[in-house]
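Structures incoming, each one as structure tokens.
Paired with chain B in one complex and with chain C in the other, chain A is shared by the two complexes that follow.
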Partner chain A sequence: MSGRLRTVLLLCALPAAFFVAFFLAPMAVVLIASLTTPDGHLTFAHYLRILADSYHWDVLWVTFRLGALTTLVSVLIGYPLAWYLVRVVRWRPWRRFCVILLIVPLFTSNIVRSFGWMVLLGRNGLVNDSLIGLGLIERPMRFLGTELGILIGLVYILLPFIVLAVGNALAKVDPALEHAAADLGATPAGTFWTITFPLSLPGLMSGAVMVFMLAVSAYVTPALLSGGRITVFSMLIFQQYSSVFDFNYGGALSITMLVLTLVLVTLAGRLSEPRRA
Partner chain B sequence: MSTPILAIDGLSKHFGGHAALTEIDLSVEQGEFIALLGPSGCGKTTLLRCIAGFLTPEAGTVRLAGEDVTRLPPYRRPLNTVFQNYALFPHMSVLENVAYGPRRQGTPKGEATRRSTEALELVGLAGFGERLPAQLSGGQQQRVALARAIVNRPQLLLLDEPLSALDLKLRKKVQGELKQIQHRLGIAFLFVTHDQDEAMSMADRIVLMNRGRIEQIGRGQDIYARPASRFAADFIGDANLLQVERRGDGSLSLLDGAMLRPACDAPQGVLTGVLRPEDILIAPEPAADRLSLPAVLSEITHVGSHALVTLVAGSTVLTARLAPSALSGLAPGQPVFATIRLGDLSLVPGDA
Partner chain C sequence: MNRPVRLATAMLATTLLTAPALAQQPASITVAWYGGNWGDAFRACVAEPFTKATGIAVKAEIGTSTVTLSKLQQQKAAPTIDVAWMDGGISELALAAEVTDNLDAAAIPNLANTLPEAIYKSGSTTYAVGTGYYSLGLTYNTQKVKTAPTSWNDLWKPEFEDAVTIPSPANSAGVPFVMFLSKIWGGTPGDLAPTFKKIKELKAALFFDSSGAATNAYQSGEAIIGAHFNVGAWDLADKGLPIGFVVPKEGAWATDARLHLVKGTPKKDAAAKFINQALTPEASGCLAEKLYLGPSVKNVVVKPETARKLPWGETGSVKTLQVFDWTEINTLRSGVVDAWNREIARK
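What follows is the complex of A and B.
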């Protein structure tokens, strides 16, 4: 019997060890570093420094504003796109092709795709050429080094998450429910807002939370598209670790961002939680 | 006569090359209980969807209380539906589900709540308004679906196999309640089912469908006693199907024994005779006032209140349903006479 118990313990210990080694331990290292001085004494000085420095608050504000805007734009584009794929496209090969088109970029590196946008958004890039060609603007617009440029890059990279999450949710809505609504006198728009949209909301929320977290913590895309003019929080953290070598302060920055993100995501989750009777 | 609440005229619907409905004509009077009965794939659900507006037919018209609604979308048709799996909105409470219809039609919230509460009381679910559909049993969900469909007081209610998800005992109970509610509200019910017992016990008239066509419309007992086709005879109740030949002189030949049948309007040629099991009696001697066919008793099966007796007459096998008391002195292998009344024999077109 004890041999069996040992097997059970071993089987439980393996995933636990994996979790500790790859998630808990790095986190603990960062947390401990953020609460100690370089020579190992407990201190809150790093956090006080962050709280007192208005520059950090400015960067945080830019970061979360970009994250929120990225989420909003991704939802506004992604929801109709998911609707199109799930509800409008009837021809299977075309739907499959669209989904592949959506997923394939995820297989390439963020760096490559962000560089692609640098080319596209440059002064003489495809975007400016097209806008001038269409007569919408007279002189090339500045995208690189603006929040708009970063926003475009982030939305492009994170859009698939929203489309997949919403598409999955929409596909699960029973068509009989929409028939029932129509039968009870709801117009197509009424049916959408009272039945389909509320039922797809959990999928939309999980997609939005994912996009928000990835946008807030993104480094490569903002770094490449900012042209050194805009700083987001992950760039501050990177500087501390790679240039200043202040692991303690870098750790405090990391934990600050983690806590703020978790608080915001939890609040959003509370607001959208399906109510219980 | 008043305008029928539902009038269907020459309705046809195709899916690709497959004819799902062909030339359907049907008229439903105010307050009638109609069962659309047929095997699966016979087109009864397709017909229901054409009436509700979820499908548009290629030909024919659907009129509701005299108004042509063939091209109207579902939300503009003055009828309601109880869906097969109830289709209750999972994110709304029971009361919100029921109030959905009145709210969509612009009824103020207080009034909608009052009427919904009334409808819930009518189906025996008073006090359940605050629950979510997932917190109810199958039978309770079925009642919510009914309350939601009748709260707008439609003149026609469509029911798409509403009881098929309930177990047998509950189904019997709900059948009775449904009939009562229908009677009380005076709403015409169009009830889709594949269960002939359900159709027989509930409906004023049965519309029997097969392969996208209406085989026969009539009261259950009339279809049973006088089936119009071989399919109708076979689908409603049990039937012995015998090959009958009508000769040029008007006489009918049944099981190779010639006999005369007066006042017969059947066409000439080979026909099918329909004989219900309870119309066959067994006697040791030929009966004077009945047609007597020599047969061999081959098997007796007791099924509770009665017994099924299998008889072999020449190349034909007959099944008779008898009371156990009529079986005394009978044993398998015994030569007997199967006796029938000529009037109990129905003739339908086609080969048996």
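What follows is the complex of A and C.
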């Protein structure tokens, strides 16, 4: 008995040590830095400097707006895509091919993919060339340095998270429930909205939360696609750490962002919790 | 089950503990340098000749200057990096962080052949030595821009609307470039408001945060004129792109890549030898040929084709470079970044 307990403890010790060393300890360092002056006295001045300044709220608004839009667009594109992969595609090799197509970009770094979008969305890029070729616009449209450009880049990078989460949930829905609904006279749309959609909601929510968190904390994609003309919160944090070297203020910015994101995600989770009878 | 593991651990520990004590001359030293073509050039021009001459292998620790500085700060008690390349600006911060050791002229005789400007002293200690200058000059697309620009003010011409790029403060050249503009427009470092007003009027395509982003912008035609480092601009031209680089009449802001001996390294002698190797005319000339770094070593002769691509341009010399006092820049840094965020990086 005690031998088994020891094995269990040993098995848990490694992940626990890993968690402490690579997650808790760095987090504590950031938190402590955010609450101290460079010479080590306790202070709330860094937080006051952030919260009392409307500039920071402006940047937070841009950041969370982009995060919310990214989540919304990803859901609108990702849900049907997941539906197609799980429910429509019958031929297995094709489904497998589609899933690989979806996942392969995740193996390439964000930097490379964002550079790719810089080329595609540029004034002489493929997107503008096509739009002009089709006669839809006369002058090249500006994508780089606009929120639309950042949105396109973020949706592209984060879409697989929604598709995989929703696809997984849809695959688990018991077809018997849908058949029963149809038997009892529900229209296909009625079946979807009363049976299938609510059952896929947990998958959709977890995918959406993941996308939102990754979108508001994204650095590389907004930094490259903003062309330095739009600031999101992660860029302010990066500046303090890499170019101003004010780790106290930078730490306070990080904790502010972390807390606000957690609050928003918790609120969203509460609101969307399925009501139980 | 347990015994072989314990045995292996004990053996590993013994090896680790005895290995450094056995060697008089270390088998290897660790040198921190940058990634990409910079790292390749440092290896080919300095590390390989050093290994050939001494038999000491060189392990590369790749990172940007700021990352290297953070590593050095964390390893203060027991450094694993012996020699570190860091750019001007970060070099001064490394001095303040007390991670650099004195470069001793007796251990590094080639210091005597180095330009006095490239030897960085604080009181009686030499905390860094420059291994080559690079500058931020006017870069332009030779197909789209018919007459070569001659002044930084040309960037504000209406014909270049939405096709200009200059560095953002996230780039190491961003903050000094603001101060450089202020200086050429006759402003004072204390009052940068007029400078920001004028930058705000610039119709920029983008403000680049990394040298790679600038290269990408010129390559794709997103930017047809603006600022870029001589190293990156000539690299594009060498690849056959229609890119020109000029030092405008107001001059070009410049800085350098410097070598530092890490304080507390157990391999101090070998580290000093490495720095000495980097200060030979051969190494300096090699860096000039590969990266177009302006030599910091006296009497380096380079090919004429290379000479015109050096940071001071076709007619200048190290004396015409606008090298700023980084200590002053570092004190103004947070204010410039903040003002830039509020004035420029916002719609």
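The criterion applied here is as follows: the second predicted complex is superposed on the first by the 262 of 277 C-alpha atoms of A that agree within 3 Å, B and C clash if a C-alpha of one lies under 4 Å from a C-alpha of the other, contacts with A are read in each partner's own complex, and residues count from 1 in each chain.
Please note the rule applied: contacts are C-beta pairs under 8 Å (C-beta built on N, C-alpha and C of every residue); 3 or more make two chains touch, one makes a residue touch a chain.
If you're wondering where the values come from, they're calculated on a predicted model, not measured in any experiment.
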Discussion item. Taking chain A as the common reference, can chain B and chain C both be placed on it without clashing, or not? Answer clash or fit.
Written reply: fit
Practice prompt. Could you say whether A:58 touches chain B, chain C, both of them, or neither, answering first, second, both or neither?
Written response: second
Worksheet item: With the two structures laid over each other on chain A, which partner does A:246 touch: chain B (first), chain C (second), both, or neither?
Response: second
Discussion item. I'd like to know which partner A:124 touches here: chain B for first, chain C for second, both or neither.
Written reply: second
Discussion item. Applying the document's definition of touching, compare chain B and chain C: which contacts more of chain A?
Written reply: C
Discussion item. Contact-wise, after the overlay, does A:238 reach chain B, chain C, both or neither (first, second, both, neither)?
Written reply: second
Practice prompt. Examine A:198 and indicate which partner it touches, taking first as chain B and second as chain C; both and neither are also allowed.
Written response: first
Worksheet item: Between chain B (first) and chain C (second), which, if any, makes contact with A:224: first, second, both or neither?
Response: second
Discussion item. Please compute the chain B to chain A to chain C angle from C-alpha centroids in the superposed arrangement, rounded to the nearest 10 degrees.
Written reply: 150
Fill in: chain B versus chain C as contact partner of A:269, first or second or both or neither
neither
Discussion item. With the superposition applied, I'd like the minimum CA-CA separation between chain B and chain C in Å.
Written reply: 46
Worksheet item: Taking the complex as given, what residues does chain A use to touch chain C?
Response: 55, 58, 115, 118-119, 122-125, 142, 144-145, 223-224, 226-231, 235-236, 238-239, 242-246
Discussion item. Help me check something: in the complex, which residues belonging to chain B touch chain A?
Written reply: 52-54, 73-75, 79-81, 83-85, 87-91, 93, 100-101, 104-105, 130-132, 135, 148-149, 152
Worksheet item: What part of chain A is in contact with chain B in the complex they form?
Response: 174, 176-177, 179-188, 190, 194-195, 198-199, 274, 276-277
Item to complete: Going by the contact rule at the top, pick out the chain C residues touching chain A in the complex.
Response: 66, 93, 162-163, 168-170, 172, 174-175, 204-209, 212-213, 216-217, 220-222, 333-334, 337, 341-342, 344-347
